[in-house]
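Input: structures, listed below.
Okay, so chain A shows up in both of these, paired with chain B first and chain C after.
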Partner chain A sequence: MAVAIDPTLLPELQRYGAFDVAACFNCGNCTAVCPLTDDDATFPRRIIRYAQVGMKAELLASKELWTCYYCGECSETCPRQAEPGEFMAAARRYAIASYDKTRLARTMYLQPVIGTAIAVMLAAVFAMFMYVAHGPQDGSTLALFKFIPSELIHSLGLAIMIVVGLAGLAGIVTMARRIARSEGVGWGTVFGGRAALGRSARALWIALGIESLGQRRYRKDCESVQEPVAWYRRRWLLHALTMWGFLGLFGATIADYGLELLGTKATGTPVPIWYPVRLLGTVAGAMLIFGTTMLILNRLQQANRSVRKSQSADWTLLLLLWLTGMSGFVLELALYLPQAPTWGYWVFLFHVAIAMELVLLAPFMKLAHVVYRPVALFFYALKPSTSAG
Partner chain B sequence: MIEQRIDIDALVVGAGIAGLQSALDLADRGYSVLLVEREASIGGKMIALSKVFPTMDCASCITTPRMSSAAHHDNITTWTYTDVDSITPDGAAFTAKLTRKARYVDEDLCIGCRLCEYACPVELPHEFEGNMGARRAAYIPFGTAIPQKALIDIDGCVYCGKCEKACPTDAIDFGQKPVSVTVHARSVVIATGFETTPLDAKKEYQGGVAANVISALDMERLLSPNGPYGRVLRPSDGKIPDNVAYVQCAGSRDETLGVPYCSRVCCMYAIKQTMLLSGSLPLADITVYYMDIRAFGKGYEQFYQTARSMGINFVKAKVARIEEEPNGDLKLRVEIIEEDGRVSEMAHDLVVLSVGLKPGDDPRRFIGVDLDQYGFVASPEPKLDATLTSMPGVAAAGTAIGPKDIVDSIMEASAAATKVATYLGPPPNSPQPADDGVQIDIREIEAGDALAVAGHSEVLRG
Partner chain C sequence: MAERRSKPKNQAATTAAAPATPPEVVLPVLAEKVGVYICHCGGNISDVVDVDKVATEAAGLDGVAVARHIMFMCSDEGQKAIVDDIQALGLDRVVVAACTPKLHEATFRRVLQRGGMNPYLFLPANIREQASWAHPHSPKAATEKASALVRAAVAKAQMLEPLEKVRVAAVHRALVIGGGVAGLRAALDLARQGLGVTLVEKSPFLGGRTTQLHTVFPTEDPARLLVHRLIAEVKAQPNLTILTETEVVALTGYVGDFTVTLKTTPRGVNAELADRQAAIAACPISVANEFDDGISKRRAIYQPYPGSEPDLPAIDWASCTRCGDCVTAAGGRGIDLKSDPIETTIETGAIVVATGFDHYEPRVGEYGYATSPRILTLPQVHRMLDPEGPTGGRLEIDGRVPRSIAMIHCVGSRQIEDVDEPGPDGKLHEYCSRVCCTATLQAANQIRQKYPKTAVYDLYRDIRTYGRDQEPYYVDASKAGVVFMRFANDARPTVELSDGADFPLKVTVTDTLTFGTEIEVPVDLVILSVGVMPRDVTGLIEMTHAPVGADGFLLEVHPKLRPVESAIPGLLLAGTVQAPMDVTESTSAASAAAAKVTALLAGDHVEMEPFVAKVDPSLCDGCGLCLDACRYAGAIAMQEVEIEEGVLEKRAYVNPVACKGCGACVPSCPVSALDVAGWEIDQYKAMIDAITAEPLTAGARS
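Then we have the complex of A and B:
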């Protein structure tokens, strides 16, 4: 098969991160030290080679971009200090931008000022929209959903979910098709017959359950090369708390809406702390706040080699998550104070606007790894036709 | 402290093969030379080698004659166990302050009989043997050392006095003090040589931790007929190795170690050692993990090809990590680049790190010459005049300037001697009318002038 060479690939990639793979002399040290590389996915040297040579299609079809968890061991030991770990991160950013056909992701990455402006404006637009539609502020109790009608929030939320769903799906399909083709995986491999279905189910479980929710290799393999830190500052734990927290809050919000649809409980009615949905929300919120606060601290202090180089995209994600968590927490305080304070209404407005923005922007920023990583992990877990490779 | 003063034409600092050659060339031309060596024997690193590439000459067989001609040359004064404290310009000449360290043995009385060594009850690791063998606290540095004079390692000495009783010439003198000497030298040659990069520089290689990860210099000793074990055994348990690995660029071409340059000799010495090993261990598998093989000199590529045809296994891979097994064996993690890029763990029972070359000393401690960013002596004309330094009247030679092999070190040493001779003008005792008082900055000499002077000195010698 002919290989298309794109000489602009390396300069283009260089805009997405601070690495110097032009210095790389292809020794393979990085691949051999990597705790996650394995016979079915060898990186980062092979991927760096794609970049040096200009093999764009191969690079974008590499599940390996997402099986790197940026432990930084390769960068630490690279004899040319070419920063292979940062290269992989940059290649992921480039992939997110490439899978997104709207070019919004590209702008967010390459023009941080415009990107930030877009993010701020978007939040402002959501806030304005709700503000214009707002109702009375009850002074005695925080009647949040009289202030901003819950139908409005729900329809807006639904609309956002649909947009995100479509944009995300487009990205996933683009990515999955490229990887599937390069891995030689077809519909038959995944769905053709009992054995294939069984294998796919197993791969799905590994990708989603063990690797994503369970964070097995993040926890085990990456940790084996990470600098020793107090257990509550371990990278995998902070990430897991952030992820579980985010998913928990997402779940609680959806469940709340579900209860309203079922007619069990209207959104916003005060419930005791042990009420399952509220309990989930509180615990998840605490996890998210702790996780993101520590992750921000790590980046500020450049506490480990994975966070020595920060791009605005890294900050945007952490900040949005943190603001969502914090405003939610303050809101909960406001709700259950003996005397409901009126500032609670503004916090509420802020919280909803930020959360909506976070979800809406997900496919266009670093958060997109939430789906891209599991997709790549699925293909990795399939381990197709090693003999043919 | 006792003071001494002497006057000489050239002070040569370092008595490795480069310093020896410069000293010999200058002395042969009639200049008076003081050759200063900080260790207790002259010979430098070369005298510790087994055989030398690409000729496979026995290293001590070709080094000892040079060492003894220098030691016995009428125009050369050789001081071993002597530190250089400072060399400062003094008009057109230099004032050098040296310290002759205390050997606790009177060199004039000692006859090298070794009776002190046999009497001494203390056993210490033998540095010359890569700490693999043992030596006494009263000892002669090594078998081929020059001078064959004992010294006492006072830090290891238990003051039992047995050596003193054993000595037939009453040479042992526990009251000996270091002697400060001021030397007036009209020129200087810096030949301070190299050290190997530390065995433990790259922590991933377990050097200094795993007993069977050794440096190539240790292997030179194991391969020497007069080495610590008399044959090649691995240090942990004395087993005869049957699966040896060489890790190339183990201290060089690595930014993380601050040594981005290529050390030039390690590919060749590794090839040499594998050939010697396949002679002494005919059944052993030998693998060299390399990034590139640098075989640039005359006859070197053929030498490399010979090793390949002898069945030495060359694998293109940078070793990333070495892990020690409980039985002392080692596992090397590499990416097999030339095949499918898979990561493999290769098992070996002895690993030799092809350590790199770094400066043997920091000359700035005692003289104001410019160094390059890695601490090697820098020439203002690195291409046209490699032996030049930033100070008029001071030349440099050998690995003090940068990594190189013996052939190049010797050629540079001769070149430095020529530059110094030109700078000095005809030797003081020459029968020809000398251009006394004319000081030539060696940087200003044209090639034609140098040739003229070279021809001139031929006339002088003939």
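Then we have the complex of A and C:
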């Protein structure tokens, strides 16, 4: 079957940041030096070729996009300064925009001014919405949930989660179907029989547990080619802290709501610092703040190859995460001050609005990789066993 | 051979005029004092061949006065040894057993001259290429073979006779055939050296194919400006005659003194023509314009571009109907419809052939050629990209800029049997045309620069930007986003018309750069990078007997040692008549050819090697069979010779300047009256006897 190509693919991709990839002459040095590439996942050369030639369907069906963590070794080695690492990042942006049917992600990426305006306005709308519904500000203690009723926050949060869940699911399905077709993976391969189920469970564990949460290859393989830096500035660690912090905060929020639903503890009830849910939130917040602060610093200093070029999408995500973490932390401080400061209420409003926006925009921005990457890693983990069997 | 100051046909030949003597058996007088010198070649020979043994054996041969082995015979020490021996021992023949004669035969001949001997009494024996290098692992056999070669050389050397170079009085004029960039360059160089030059151009305009280009790589000079600068210099030369619409129709003579008949067709237009636009507009004829490679039309009275050289229209007599409309429009002045050609004859000492090339024209249907106006050749696209060309530099089809273009390399070049069909000329073009890669990339860059939204796909088998400053074209092309796809040697892309689809053409290629994926490229335009074809110069080849290569281009004597000389003395090759070349290489070749001519005609005489046929008039019975065997005009003739008082008979006569010494006549003679000086049959017999005098071991026979 001949592959029909799309002459507009490369110019389109270049809008997402792959400016230099046209200079590539397909020598394959990038693939040769890449610590992650193997027989089952050859990149960046293969993916660059798809882009140059205009093989759009093949590009979007490439799990390899998401097996790269952008160590930048390929860009360092490229004899043509074609920036293959930056290309991979651009291709991921393009993929996020393409898997999203609402075209919101596309706008966020390609029109940074409008994208930023949307982000600011969205936060403002949430804040306004909650402000309109706000209650009294208690002067003696920070009675936050009297100021903004916890029911309002919970129901708004749930609504946002449903929207995000649907959008994320649509993206995952789009992506998974493309990859599955190109990899020759069908329902039977994943669910057909005990052996298949076992294989799938194993692949799921590798994708989610070992690789996503455990960051195994990011930690081991990518680190192996990086210039040595202080342990607390290692890319994988900063990324892991940010991820764990984000997940920890997310988990603490859900758990807090769960406790209220169970009637164990009403939201907003003052608890000591060792109270498990609160402890989780505090530790996770510290991780997130440290991780994002260092990541921002790295980008500002252009500390390594992978952050030599930054897009507005990179800044938006880091900034939202950092603001969420910081505002939460400031709020935590305010709660422990002997005299309740009035500004605490406004920080709270800001914190809730930013957090909600972060979650709502997740499928339409860089954060979407938290779902796409595990899906790709799942197929990657599945493949060797299927070809063996 | 005796010196000849004028044409031998007007003068009795020395050989033929010798008094006839009654036949008597004359035993050859063998030379008695042969000097034999064995070269070590610094180990190249002596590491394998036991040179001491070879020298000792040689010293024992009859007639050998001295045999030595020396580290480097070509060194001062080696040369001095020969001169000293000649003077001290009175050597009468010299054999040097060393490397190939192509390297140092001339060196050792000069050594003999310095020693006071006739240089043709020297004979080389090649014991490097033919012994030590050929049998590096069999030293014993190699030594035996070297000895055998030396024995043979001594045997032949003993029979060598002193020879004199053939000398011809030189006409200090050169004819340059072809008014393109190579011909112009050659003509200019020749004229500046003080030679009279006649430059003939078949078409009505000078400048050739270069004028069809807008810019030339790698300098990106404006091509026509470049050519016109050259033309201006050519025209400024006082001893240079330019004849346009002129062809060579007959050629006789030989190096130093050719007689050439030229046929000049009248231009039909002269400087009195006041309103050329009106005259051209009046012409009712419309034919394909060759200057635009057929993408535009022209009239029968035409000018390829404003400011052409000469800056005067010409009439294409093949399509003109002599209706007279142009004459009327011009007010009866400046146009003459009488087209009878004029023949003139010139004498010239040498000829520079700069007849140029033709573009390969694809077969109908080859990559879809001629089945759609959207499938063009690169030369046609060059015309479209030329701001002064027929489209004003706009690359548009049906008024629209192509959104996507495929360029296919090696069309009509590097063709492979059973993969490619022969071209319209019925031949496979197996050679690489060399210039098309860079030309294609140059055009691709121009297109990307001019139309950044147009996608360009470059489909190649192999790609080379081989010349100085040409690699940037490839770098620029890939940086400019030209997409390269590579097809395998045995798989060609296909071009299909896809009516009704968004893109009217579909090119399918199995791209080895995309892991062998079969890819369909939707395009608006296909550009075929057609190769360089030898132009049909059959008439010239028949007149000159110039050797032609298997590829159809004229052949040089040796690509490295004598790169611009044809095997025909006095016939030089300049530019693409010899092989595909770019402008840089063509002008280099032209300057080289001009330098060769200058050196050839520098003195009053042209000297040539004396290895030509000779007739023994005492044996010749005038049968004339040798005339049929000879392929060089005027080399052998029959002359009336007075064999006795009052008895005239025909005898063969060899004109030593026309004879090339090929030896084809020798076996044709039933009475063995013919031989080639320096390569005589008796000498060969003696060599064979010498080689077979001692049995060789198996290893030395190969």
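One rule holds in what follows: the second predicted complex is superposed on the first by the 380 of 389 C-alpha atoms of A that agree within 3 Å, B and C clash if a C-alpha of one lies under 4 Å from a C-alpha of the other, contacts with A are read in each partner's own complex, and residues count from 1 in each chain.
Just so it is clear, contacts are C-beta pairs under 8 Å (C-beta built on N, C-alpha and C of every residue); 3 or more make two chains touch, one makes a residue touch a chain.
Quick caveat, the model's predicted, so the values are computed rather than measured.
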Which partner does A:Arg46 contact after superposing on A: first (chain B), second (chain C), both, neither? both
Applying the touch criterion given at the start, work out whether A:Thr31 contacts chain B, chain C, both or neither, answering first, second, both or neither. first
A:Leu10 in the overlay: touching chain B, chain C, both, or neither? Say first, second, both or neither. second
First (chain B), second (chain C), both or neither touched by A:Arg80: both
If you stack the two complexes on chain A, which partner ends up touching A:Ala22: first (chain B), second (chain C), both, or neither? second
Given the touch rule stated above, what does A:Met55 touch, chain B (first), chain C (second), both, or neither? second
In the overlay, answer first, second, both or neither for which of chain B and chain C A:Ala266 touches. neither
Which chain A residues come up in both lists, the one for chain B and the one for chain C? 25-26, 46, 80
Residues of chain C defined as touching chain A within the complex: 403-404, 453, 455, 475, 478-485, 508, 511, 513-515, 517-522
Seen from chain A, its contact residues with chain C in the complex are 1-5, 7-8, 10-11, 22-26, 46, 49-50, 52-55, 80
Which chain A residues qualify as touching chain B in the complex? 25-34, 37-39, 42, 45-46, 76-81, 389
Residue ranges of chain B in contact with chain A within the complex: 204, 249, 253-256, 291, 317-321, 333-335, 337, 340-343
